[in-house]
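You will see chain A twice below: alongside chain B first, and alongside chain C after that.
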Partner chain A sequence: MRRSLTLYGLTFSLPLLIWQLLFFVFPLVFLVALSFWTVKNFRMQADLDTVNWATMYGRSVFWQAYGTTLAMASAASVLVSILAFPCSYAIAFKLSETARRWAIFLMVIPFFTSYLVRVYSWQIFLSDAGIINVMLGWIGLGPFGLLNTVGATIVGYLTLTYPLVVLLQLFSLVFIDRTLIEAAHNLRCGRLRTVFAVIIPSARVGLVIAALFAFILSFGDFVSPIYLGGGDPTTLSILITDTTKSGQQWPRAAVIALTMIATLLFVAFVAVRFAYKGRSK
Partner chain B sequence: MKNNTLVSFEGVVKRFGDFLAVQRMDFEIAKGEFLAIMGSSGCGKTTTLRMLAGLEAPSEGVIRLSGKPINDLPTWSRDTPMVWQSLALFPFLNVIENVEFALKMRGIGKTERRRRAEQWLDRMQITEFASRNISQLSGGQRQRVALARSLVVEPEILLLDEPLSALDAALKVRMQSVLKNLQRETGITFVYVTHSQSEAFSMADRVVIMSRGKIEQIGTPQEIYRTPRTRFVAGFLGSSNMFTGKVTGIDGGVVTLDTPSGALRLGATDLPGPVAVGQTATLTVLDTKTHLATRAPAGNVNALPVRMIGEEFIGATATIYLEASDGHEIRVQKSHEDLANLPLQIGQELVAHWPLEDGHLVMEA
Partner chain C sequence: MSKIAQGQAGLTRRALLATGVAALAAPMLSRRANAAPVELTMLAWYGHAEPDIVAEFEAENNVKFVPKYYTGGDNMLGLISQSPAGTYDVILSDAEYVQALNEAGYVEELDPNDYAISDYFPEFQQFPGNWSDGKLFSLVTRFGFLGVAYNTDALTEADASTYNVYWEENLKGKVGHFDWHLPNLGQISLLNGNSNPYDIDDAGWQGVQDKTMSLRPQIGGFFDYGGTFSSLNDGQMLAFAGIGDWITGVLEKNGAKVRSVVPEEGGLQWSECFSIGKGSQKAELAKKWIQYITSAKGQAKSAQMAAYPALIPNQKGWEVLQAENPAEAKRQGMTKDAGNVIDMIRAGRIKYRQWPVQQGLEDWNDFWSEYKGA
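And now, the complex of A and B:
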């Protein structure tokens, strides 16, 4: 069936199309072009040179940052999925209809404040003279260097992704057919085992998509690694700022950015494939 | 308790908050029988089944399985597999994995599991679909998978909650014979919940009829059909003419009942309990045992003057709708041959009659 474009349809879709073209497609094309430009005497000039790609991909610091970012984002996405699951499970299966609505409302509240503000407030908790160390001091422990660690960065990632992951998981859990759970119980599948044998497989698409979102958000995040991780170890987002600051190397930063985009596309593709694996068309 | 009893309900009551879902029920299910629990929606039949499966806990009373009380046993510790109305097949597992599920939960090894699952796929004639997804199967095939999944553990009892309600009429009849044969061959006790009289009566050895959380009658399909014991049952089956009135005499083995349609009599040999003069009771007579004539026949029969108000052809038989003198509706179901000699026109005056022994008495609750 051929669908013809109508003026009516265009009126509504055109603004968005133009927006996407202006602020997504053009910048992306420009970013690709930029990665082939060269910098001479702190000045960029249009060019078609692969020198930036060769330089960046030849540097161990780039691959270290790439590995670190990949590992930390993966860890955060796995961790947040595991931590969020009991919460979303409880909301989906243990709460009454009204309580569930309140819980969903509470999960939305974190989005009211800026992520940056929430990360700064973590500094108050984690710094050497912060709340946690003071309280540990009362029982004669510490102080521990909590801030500027990988752990603190992960805490930041969780702050960013936890409410969203709970919501995404929740929406896949509430749509599970309850009779499937009863049927599993009835076939001698105990309560805990049912979670792994029935509930997780039933909610797989939602759980994978939630983890994917956590990965995407963490992978590109700049705030947590700099304000909680202290910029060490260097993540790709930090490497981009460092690269642009040092000698106007925008083309090299473009290489990093494009590599990140390619990685996210690849991960998203694999994740979606995995989520829908074994489902019939 | 008889020694072939598998399940017994002893004074079982189920409440949901203030709502009384199941009123005090006492009945037994024998080993190897096909029992149907029938009633309209909300009558407590599914709740009864769910209590047996361990999905609901009785509020009062004891349910015993093989003599042992099972009230406190969670469903995953009982061997009471159930077939759901929605079938509740696992969509993330293929056919054979669904069938293997219960075996896996029992810790049975992989090869043994596969062997037993394949046996049941073969038995249910769905071997060719073993590695298919559930969504690729037809309704009848899914039904067979659901049965295989529950029966693969070879339980003593199988619970079925309206499993055929989603199928079309022809497939329903085919699955009924599949179920009946399966039950006969395996000797497994089937407890089958349904709202359909034809399903219950064609498959079950005994039928329990429930209404508003109460058991109205338990008996073989024949017994229930011929002699409904309560007004509800007679009305629910819809196959009897009913006349309600006051008992005016019990005399010489004949009970006389004064109804708005006229005085009626019936033999006192088959009474549901003690009957006293002045009590309200209902006489029921099957519409197939109610006869029509142009004049009241001689002999000891009940005869009511009636007027024809309509007729309906149902295949080999016809149902004639008539009106007694007080406007009470009477149905007569007969073959076309039996009706051939009657002047059947709307408004025609006729006589409905039946021998005394074909009437049954139902006392008001």
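And now, the complex of A and C:
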């Protein structure tokens, strides 16, 4: 069933192919090559040396940062999926058509503002003399150290991913076959059980993909760990900047970046397999 | 429409066209009369090509600066090495990177007779790194001290007059680091009693690492430029290592309750130097700029730079500053009074921030990463 190439088909597929080659494949190949270069007196030299891989993988701080980043991004994607689900569920099943359109619009609005600005504004809430601590002070509590903590970083990750996760979950929830839900009710399945036995399995692809996006965005994020987490603990994104900041060690930064890309590809592969597991073609 | 046409009966189509053409051509004509300004590219820290510093020079010389701002010397070296020669006419560099610029051949040789070096304090006339084999390659233009930055509500100047304050129980989680190993580890080295904080043997280096590690539980965060500003400004951090008046001076001017002090163990000095980029097509104009900014007038401007204040090496610049803005001269310690900043240097209380001499920069950097991850 091989189809012959047609000019018509090429016109539509070629730009995408060229785009992918130019802006994904070539940079990636360059990144791989760069990771074998060496640096002498602040100058990078084309080389074929495994020293950067050996150095980075031999350092405990790298694996520490790797573990931290993996744990924080996983926690963020689980948390955001749990927090977003009631919201997307309500929008999908409880709102009228008009109200749903408004809710979607409201979920898009955060994308109008720079993420950096949104994260900075969290500082006003979380700092020791910030809004939350002042309000807690009214009832005689605190002040609690909220800023420059792992918790604050997670808040930043949620700020980044929450609207997107709600939207992605929503798009899979609205396309669930309503007759399945009606059938569940007819068979005396309770509301909560319907959610877990019918709705979540039916929307599994969307829910998993949403969580995957949350993971991808959090895993590579630099802004929240630095401006809300106070750069402590070191995440992989911070380690990249540290590595480039002193001694022009771009090849070592490339090692970190490639490890991150490999991790994301692996996680994405596993997630997609899980999402489509057992589905008929 | 017709009413308007009637109202302007005297206006012929030809006259209208002529007026229109003249109106369209006017900007061209005036631009011709006023030749377009020459563009001069500057690679510098933020603030050096802003109007408060360059406007006067630009107007006098019909120049327009095109700045490329960097954050950190490594970033600067990266930008130069990735650009063709002649991309940057003027280059501002931290003193410890000047040597690297020379060695890589990124800067032109300067003629010392072109500049008012004799107006400089003697300590700055033969500034380390500016000269190589008796040849001048860059010229120091401003400098500053790094010490203990502190919140004046939380600490007194006496409290902050030792690096040991970072270990105070009540500052747990309230001590911030400017996220760069060189100034922070230099301060710990001073605290450990190393008279030359960057020229330490293996035992001295181990001592610095151990002492630094003991500070880790006190640390509330590692901050970049913006994070340092905001965490000091909102009182999130009450003491800060690795910075000085270049940050707290700006905050203080805006009413924040922060100051910097050079503690009893001594302070570190950062220094910024101007060079002319190798292969610059506008080297003559670049020279003119360096002459301007190192002259008494330019120096007084530089001391009061809006982005971050600094001390200046030109004695006559001090005089201009004292006349123009005595309060700022006093705040920064650039007065004739005893104990001014030159006296501090002469008393041996200040050491240059530099690259480690006996260890590699990499060793210091690797330790810093480990410290952060600890």
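Worth a mention:
By definition in this document, the second predicted complex is superposed on the first by the 261 of 281 C-alpha atoms of A that agree within 3 Å, B and C clash if a C-alpha of one lies under 4 Å from a C-alpha of the other, contacts with A are read in each partner's own complex, and residues count from 1 in each chain.
Keep this in mind: a contact is a pair of C-beta atoms (placed from the backbone, for glycine too) under 8 Å apart; a residue touches a chain by one contact, two chains touch by 3 or more.
Keep in mind that what you see is a predicted model, and the values were worked out from it rather than measured.
Aligning the shared chain A places chain B and chain C next to each other free of steric conflict.
After overlaying the two complexes on the shared chain, residue contacts for A:242 are found with chain C alone; chain B is out of touch. Using the contact criterion defined above for the overlaid structures, shared-chain residue A:86 touches neither chain B nor chain C, since it reaches no partner. Legend: residue contacts after superposition of the two complexes on their common chain; A:204 is shown touching chain B, with no touch to chain C. Judged by the touch definition given at the top, the superposed model places A:151 against neither chain B nor chain C. By the touch criterion defined above, A:15 lies against neither chain B nor chain C after alignment on the C-alpha atoms of chain A.
When the two complexes are overlaid, the chain among chain B and chain C that reaches more residues of chain A is C.
Closest approach of chain B to chain C, taken over C-alpha atoms in the A-based superposition, is 45 Å.
Note for the complex: chain B touches chain A at residues 53-55, 74-77, 79-82, 84, 86, 88, 90-93, 101-102, 105-106, 133, 135-136, 149-150, 153.
Across the complex, chain C meets chain A through its residues 72, 74-75, 77-78, 81, 100, 103-104, 173, 176, 179-181, 219-224, 226-227, 230-231, 234-236, 361-362, 364-366, 368-370, 372-373.
Across the complex, chain C is touched by residues 41-44, 59-61, 64-65, 120, 123, 127-130, 145, 147-148, 226-227, 229-234, 238-239, 242-250 of chain A.
Touching chain B in their complex are the following residues of chain A: 177, 179-180, 182-191, 193, 197-198, 201-202, 204, 278-280.
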